[in-house]
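Should a chain be cited, it is by its letter among A, B, C and D, assigned in written order, with residues numbered from 1 in that chain.
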Amino acid sequence: MTSHLPALVVTVPLLTAFAAFAAGWLRPKLCFPVGLTGLGITAISSIWLLAEVLEAGTVTYELGRWPAPWGIVYVVDRLNGVVLAAISLCAFIQWISSRASVKSQFSDRIGAFYGLELLFVTGVMGITVTGDAFNLYVLLEIASITAYALIAMGGGRAPLSSLNYVFMGTIGACFYLLGVGYLYIMTGSLNMADLASILQGMRSSQAILVAFVIIIVGVWLKMGFFPLHGWLPNAYTHAPWPATTLIAPLMTKVMAYVMMRLVLFLFGPEYSFGVLGLKDVVVWWASLAVVAGSVIALSQKDLKRMITCIILIEIAYMVGGTFLGNRSGTTGAIFHLVNDVFMTLCVFLAVSSLAFRQRELDMDTMEGLFSEMPFTMGALVTGALSIVGVPPTCGFFSKWLLLKGALEAGHYEFMVALILSSLVCLVLFFRVFEAAYFGHGERSHGHHRMREAPLGMVVPLLVVAIGIVALGLMSGEVISSIIEPALPRGVL
Amino acid sequence: MDRILEVVIAKYNYWIYIVLMMIGLYGVIAKNNLVKKIVGMSIFQTAIILFFISMGMKKGATIPIIIHGQEASVRASDYINPLPHVLMLTAIVVAVSTLGVALALAVKVYKEFDTLEEDEILEKIRKS
Amino acid sequence: MIWQLDLVILTLVVICGIGSLMIKDLLGAAILFGAYSFMMCVLWAVMGAVDVAFTEASVGAGVSTVFFVAAVFHTTRRTKD
Amino acid sequence: MRILGILVCVATGAMLIWASGEFPPWGDPNSPASLHVSPRYIEKTMEETSVPNAVTSVLADYRGYDTMFETTVIFAAGVSCFMLLRLFSGRERSSHHYRHILTGLTLRVRRKGKQLPELEEFEPMDSLWTPYDLILRTLCRFLIPFIQLFALYVIAHGHHSPGGGFQGGVILGASMILLAISQDMRSALRRIRERTLAIFSVAGVAIYAGTGALCLILGSNFLDYAALSRIFPVDPVGARSLGIFLVEVGVGIAVMATMIVIYHNLASEGFLDEGL
């Protein structure tokens, strides 16, 4: 059975999605347990797969038993093994936590909602595990289409934001497809490993250069990297909470993973960093994006929108870290990606539990939350500290590596941007905590006391919060045994 | 002169495809009406499909269905490359799925704002 | 493949594409988009991609146009550009 | 916005055209795309899958995994349209349609909650109104069985000629859409109910994924149809052909149901009572 693990991590959520959708028509009560079982199996098998990869090295799985360039293969190495484990755990935890709010908001279309959520998980898992450039596009579209629909369920302005996302997302995916077309016409192959070996001999080709640029721009559009981020804050803010907590931690991170996979493995570090000479430009640009993201985040009043804008900063870290092109920077970027899945999940889940009890999330209505919802606020503090980068949370260690990488590469502007944005995050969260902690006593009239969120939300939240600290404490081991060996040889 | 003509004949197809893509892209970016944007999006996708299909083209070859009775001696140069066709079948399906979702969203937007013009919608949002 | 035929169809495709973006009536745009898809399908049939042409004829020129018309029927035909 | 759009398009287009200089000439039989991976599909399709149509064999076997997700994409689109638009009960329409009896023109009146005063020349087109056009109705009644027959032929004959599950499914779906347009949506829904459609759409994709999972259970890789020869009385190559047929049927069912679901929800704004 272990040899089939790469297929299982994608097909189990897929089959579960069908089961959940059918259950929605026949027995709506079964939707939740069916999905829970499916995601549980997925999480277990992806962790098992990671263990397998750590022990035996890269695992390859031929779908339909067709060998590599002709058929589609799944390739799991350390890089996507760890991303897979993070994604599946995140989806599992989110599934438990979102039960109450899905039930209250979408009782008449529960099967469709759960089915789409599971299909989204299938999409992101498939994107991560695949070793075929075109297969990635198809899975990307699955993840995107389900994300459009889930986001548009928010009511009010949500359909408009989602439609905006449709346009930007489709342009991004089309750019990616066009880039794959340019690669195909020059090489005749679609398999990533095969492409990488053919591209070794085509260093000076214009068409490959254009393919690189188009693919990266397409992926950046999907990631919401700074000048192309227009769709992101609106889409995530107007989405309903159960959709935001699933999509916000996963979609942009998975696209960041795709960027790393393409830059580091498909085109190879010598080409991406050496031949092109775009490295320094991108790092400068990422620094600019970090600053711009901080400014955008500072200007928000709504809590949900504010934490959404923090994603912009995190994405810029990952782009910058990847394009630093040295060992510490790239390791930092990968580690930050994994951390960010959990940090974002923690913060979003915490805020969603606040929203579950209280509809409006203005800074002014947050007084006295610490005494009323101590566990939720505790988890929010942990997540916030991790985003700011305070030890012993995991966010500190990845930021430290990024700083080290920037110092080694001589990119002082990236260091400045990193420190500046950490301060901005501190200010942002301090505003929230100040309102929530010190506002006690001068309660506005008619404001009833809030209860702690239901147990089904608090327990997953606390698990994530503890996980962040644990990941921070184990960071040395994780980096040295998983992430550093994952880097390709060319990264010095 | 002859060389230029040669280049034009060999490549003009690609240029027209790229022009078509850019027409679609312009439609998505610059049009004000949401349904027009969706039309532009579809044109962009279809143009990329056209580009892929043309890659599989081989002069002097026939459609990729093995002729009955010649199964024993198949030469690859006699048949058009089937791989881009397969990829683009998938891409067409993706395009129509995106179209369906986008139109459903446009109908929802119209229900909410009573208009499909982007500037009028933004005006309404600003007023409320 | 006859290059004259190719060129004529390509020109028609471009004209239909531009037309469906320019016309100031969404129903007209939908129909022109159907024509664009059908020209595209002819082009692919000429290039030997029969399966893709078949799909585009049934999907692009058929069902997509119906979807467009359905959506326009429930929204509005008016457009400013 | 307009200037920005033109700038972006011109820049992108110029970059793309600049790079196209390195492409092999159009229709070149010696391009890398024709020489590297694809010859195997053409030369081995009969030997390895016994399907003469190379597109079908690549679609459903060599790259069958893509096609499974292609079907999933369309299923996801159907579910999305259902979830976004479907209204279950108690909502009032935002607009009403009236038909001018003499000319047949349709007017739409957007007045929330109010009815127009009774006028003699106009009849309201509410959910009970059915259009009646003898020519259209009779023609469609004759046409639809043939369309469906052709669709079944397309699905079943995909191994040997252009076509396959997807095209056949779309044509089947289109025949039901034609029924809904030419008569009315309620009589189309009486033939095939919403619940049936939902179950069909999920069953179709599940047939595909289930065939793959069956191969996995039989001890081979996911979607390796050769494993089917252990339970069906065929040799491994024949089993591949059989597997391709099975998944094509699944694709056909899923696509048909999904197309009808999308149309129904779009054309009735989710009320599922009256169509276009």
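Here is the rule we go by: contacts are C-beta pairs under 8 Å (C-beta built on N, C-alpha and C of every residue); 3 or more make two chains touch, one makes a residue touch a chain.
What you see is a predicted model, and the numbers here were worked out from it, not measured in a lab.
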| item | value |
| --- | --- |
| Contact-richer chain pair [B-D vs C-D] | B-D |
| Separation of chain C from chain D, taking each centre as the mean of its C-alpha atoms, in whole Å | 17 |
| Chain A-chain B separation of Cα centroids, rounded to whole Å | 29 |
| Separation of mean Cα positions, chain C and chain B [Å, integer] | 11 |
| Of all residues in chain B, the ones touching two or more other chains | 13, 19, 21, 25-26, 32, 54-57, 59, 61, 63-65, 83-85, 87, 89-90, 93-94, 96-98, 100-101, 103-108 |
| Multi-chain contact sites of chain A, meaning residues that touch two or more partners | 134, 138, 141, 145, 148-149, 152, 159, 178, 184-185, 190 |
| Touching two or more other chains - residues of chain C | 1, 50-51, 55, 59, 63, 67, 70-71, 74 |
| Pairs of chains, among all present, that meet the touch criterion | A-B, A-D, B-C, B-D, C-D |
| Residues of chain B defined as touching chain C within the complex | 9, 13, 16, 19-20, 23-24, 26-27, 31-33, 35-36, 39-40, 42-43, 46-47, 49-50, 53-54, 56-57, 59, 61-65, 80, 84-85, 88-89, 92-93, 95-96, 99-100, 103-104, 106-107, 110, 115-117 |
| Complex contact set, residues of chain A against chain D | 4, 7, 11, 14-15, 18, 21-22, 25, 61-66, 69-72, 108-109, 112-113, 115-116, 119, 122, 126, 134-135, 138-139, 141-142, 145-146, 148-149, 152-153, 159, 178, 182, 184-190, 198, 205-207, 209-211, 213-214 |
| Residues on chain C engaged by chain B in the complex (per definition of touch) | 1, 3, 6, 10, 13-14, 17-18, 20-21, 26, 29-30, 33, 36-37, 40, 43-44, 47-52, 55-56, 59-60, 63-64, 67-68, 70-72, 74-76, 78-81 |
| In the complex with chain B, residue positions of chain A that touch it | 134, 137-138, 141, 145, 148-149, 152, 156-157, 159-160, 162-163, 166-167, 170-171, 174, 177-178, 181, 184-185, 190 |
| Touching residues on chain B, where the partner in the complex is chain D | 7, 10-15, 18-19, 21-22, 25-26, 29-30, 32, 54-61, 63-66, 68, 71, 74-77, 79, 81-87, 89-90, 93-94, 96-98, 100-101, 103-105, 107-108, 111, 114 |
